[in-house]
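My questions will all concern the structure given below.
Order of writing sets the labels: A, B, C and D. Residues in every chain begin at 1.
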Amino acid sequence: MVIVIQCKDRIGLVALISGVLAKHSINILSMREFVDTSASVFFARLVVDAHEHAADLQEALKIVLPEDASIKVNPNPVKKVILLVTKEYHCLSDILIRNHFKTLGASVEAVIGNHPDLANICQRFEVPFHFINHEGKDKLAFEEEIKQQIHQYHFDYLILAKFMRILSPTFIADFPDRIINIHHSFLPAFIGASPYRQAFNRGVKLIGATAHFVTNQLDEGPIIAQQTIPVNHTFSVADMVKAGKEIEKAVLIKAIQLVFDDRVFVLDNKTVVFD
Amino acid sequence: MVIVIQCKDRIGLVALISGVLAKHSINILSMREFVDTSASVFFARLVVDAHEHAADLQEALKIVLPEDASIKVNPNPVKKVILLVTKEYHCLSDILIRNHFKTLGASVEAVIGNHPDLANICQRFEVPFHFINHEGKDKLAFEEEIKQQIHQYHFDYLILAKFMRILSPTFIADFPDRIINIHHSFLPAFIGASPYRQAFNRGVKLIGATAHFVTNQLDEGPIIAQQTIPVNHTFSVADMVKAGKEIEKAVLIKAIQLVFDDRVFVLDNKTVVFD
Amino acid sequence: MVIVIQCKDRIGLVALISGVLAKHSINILSMREFVDTSASVFFARLVVDAHEHAADLQEALKIVLPEDASIKVNPNPVKKVILLVTKEYHCLSDILIRNHFKTLGASVEAVIGNHPDLANICQRFEVPFHFINHEGKDKLAFEEEIKQQIHQYHFDYLILAKFMRILSPTFIADFPDRIINIHHSFLPAFIGASPYRQAFNRGVKLIGATAHFVTNQLDEGPIIAQQTIPVNHTFSVADMVKAGKEIEKAVLIKAIQLVFDDRVFVLDNKTVVFD
Amino acid sequence: MVIVIQCKDRIGLVALISGVLAKHSINILSMREFVDTSASVFFARLVVDAHEHAADLQEALKIVLPEDASIKVNPNPVKKVILLVTKEYHCLSDILIRNHFKTLGASVEAVIGNHPDLANICQRFEVPFHFINHEGKDKLAFEEEIKQQIHQYHFDYLILAKFMRILSPTFIADFPDRIINIHHSFLPAFIGASPYRQAFNRGVKLIGATAHFVTNQLDEGPIIAQQTIPVNHTFSVADMVKAGKEIEKAVLIKAIQLVFDDRVFVLDNKTVVFD
């Protein structure tokens, strides 16, 4: 059973938490704790050997911990997610395969595409696909349609699996720390459009990808995971795009599995990741 | 201030430890805890914001924790080490440079060489070098001479920085978990002599290095750190040796700095590393 | 257009090859040449800007080059492959996805499974799946059935995408340098069964995967690609298996795409890879 | 013997080069050729088995190749270099050690420091150190003093081994493609001052280093090598600086050894690296 706690830091928090667990004769199998001293915020993730009802334990912890504490005991171990996509199949397919074989650590409830291209692959895996055309309507109307579709479902996270539209601040504000994007560069290098073209022109020897929570600062949200791979003078822009897809896929999967596993905490524009 | 604790696992250990700290109004800035459930052993490393006397805290923890607990409060932050070398300069020099500029996290008390080749580089850094010839004497006599030299010094660890002699079980038994070796292969591949020749003959695409504590099982001691780097068909054995030196140096430094930082625990033939 | 040549080395081979190309006014866009001096074997791969008929160029090169030269001009750019699998889906699915979206660099003609488990995923992508049970028959009979199935198809390579049966020398001899396997360890570490169990018991800090051509020396064939990833004390055997799947998939894809791209040459138990 | 050639591309260059070699009965042991098709520039590096006089071969190649061709036959295998430093010891020391043990692939003629701090380490290795204070004088006067010192020596390259002054366009123009810098970030991320502080504030999960030729576009010169390493939420700015030093050192060494080995070609703001 996993327990995650985030709150304003103060002396004695670990003693309070572990005191409750000891009183319930619950062993702590592994624990990570970290205090961001500049913001004075406390983060903890515990794996415990418990057979209690999670709700009882949650209640017991709530009683002793400060009121501002976010406490999750045994958070839903299979998160529900909705994917937003455009035309590129590589991230989506990798997620659909894992979803199909039940190794994603989450359940894909639906896929929304602003192009119809990826409907077919979703059908092959019997995952609902909703085509919502962004053309001929303003962003507000487009996003309203998205909202209508997604609100049919229960979901924990929206995953932008190469969704090539920029979401409005209003939309984003509705889902704080719940939208995860894969950006096709090693942020903050090559912010904005055509990062591989930019990388090619600059003659870099590495390209990268960045998975992050989406905030209203474009490409500035809290970073969850990043990775780079080598490129060289023989790489055209197209070769970089191709190589980049491999790493985009790898970084997005790594990031969302950390999130699904309740290993990622957000504080302002940064994350704490107990990997 | 760092606190490290290792003992037989039981329920409530974290509560006991954090209870003592809370009573002393000491904040826990970061904490890693892990239980090896098959062996039922508890490991913890805490970084705390304390201005107490370490000895008092040590005493307070000793009172509440089980008798078998190994407790170190504020373990000597600058470890003392003795290096054993043969002819290769790369690991030794890297350590001497860091020692000279006081960024090693340890203090090099002396260097023992079974060849005189590295005396000169030690002199340049005013580090005592003792040449102990292994030729014309049996291992016992050779090791006796080493012991006489090293017992002039206080030291926490013996570091085999490319020391090309195999130490006897008797010698090793005198320094349990205190001898660290760098092996020039990705163990357990290519155990024994000439690992790069073996790697070349096998046509591998990666070579590696392994830093480990030395036990009486040759090349079988608890592994602290490992790393690999790519090689290809253009690499001769000599090229592999050259590339290997870079990684041997990197892995040894990484491993010993983890040890100096009290992040490494030993359990049988394995390590727990809170990196 | 790609040209690959392998032959006994002698002085002047590059002059002969480039002479033919110059005479046909063909520009060499990129070229890799390598001589294994111990075996005295010449390898070359050229990318040329040619609009000739490949057959004419092949003929022109054949005339000037030594008789023993293996010359391929514009080798079939979309290789045909047959996959052999058992129960694990991760390598197979990754290949099926790329095959479906035509980014594999090859065409999957069929999948043979010695268990029926993966029939369903193949059906979803309309790839023929043949279940050939190995139970209740000897290896010879089992392999005879495989041969009957695969000989229905034209194919360049057999890919063992986590096929958990050991093929007989007779079978292997029929397909020299045409069978590619993914081994779930960093060879030559942990040869044989249960490499992750072995890795766990040894307490390694990296695990790896190896893609290699299959020869009659079990786990000893020419290595095409290898990769490692970090593990630590928190990894159970099951966690290592899970992490290993990611790297098995990545290494197999990397290796087969190098092969499909005519970048891999075999010499005895080694490869030359112009990556 | 190494031969490197760079010139305007045209059909038949490889035939011309290899024709000369064949006529002299010289075997090509390995060859890399690449054409930048957008700029139409030809690059080649050959390792040949020759016992001729390099000058004769150079002459023979010069006769057949276009006039604009830059041809180097057996370029000085031990380059001469001068290092410019400020206060940080890590890159300098690593170079001095290799220089001392004759494994640098170059010879360090002198070190220039705008602070006196690193004089001592140079003295330990008997390498001339010149302290040239930048304080109290304008950039022109400061650089004039540097020029006077370095012109005492023959040198192929100036290496900025953590030299924290920006050189003027005039100075740089005097040494085209001969000044190599190590920048403490993964360019183009975090251009300018305090990249680790910037990285910390952004919450990145990787930090990097970039070795590049210096041009008049600050931090925009042709990149030779780049590398990244993981960081996490526990890293303070100081921790990032410390981790960064390891990678700065590694990237600078890798880059300069590629240059010393005549594997790096410059074209506009990019490099071709035959590694």
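The rule we apply is simple: a contact is a pair of C-beta atoms (placed from the backbone, for glycine too) under 8 Å apart; a residue touches a chain by one contact, two chains touch by 3 or more.
Nothing here was measured: the structure is a model prediction, and the numbers come from that model.
Where subunit A touches subunit B, over half of the residue numbers in use are shared by the two copies, so each contributes mostly the same positions.
Comparing chain pairs A-C and C-D, the larger number of C-beta contacts belongs to C-D.
Separation between the centroids of subunit C and subunit D, computed from CA atoms only, is 37 Å. Counting partner chains per residue, subunit B shows two or more touched chains at residues 30, 34, 234.
Residues of subunit A touching subunit C in their complex: 30, 89, 93-94, 97, 100-101, 103, 121, 124-125, 234, 242, 246, 250. Within the complex formed with subunit D, the residues of subunit C that make contact are 9-15, 18-19, 21-22, 25-35, 37.
Against subunit C, in their complex, subunit B makes its touches with residues 34, 36, 186-190, 202-206, 208, 222-228, 232-234, 269-273, 275.
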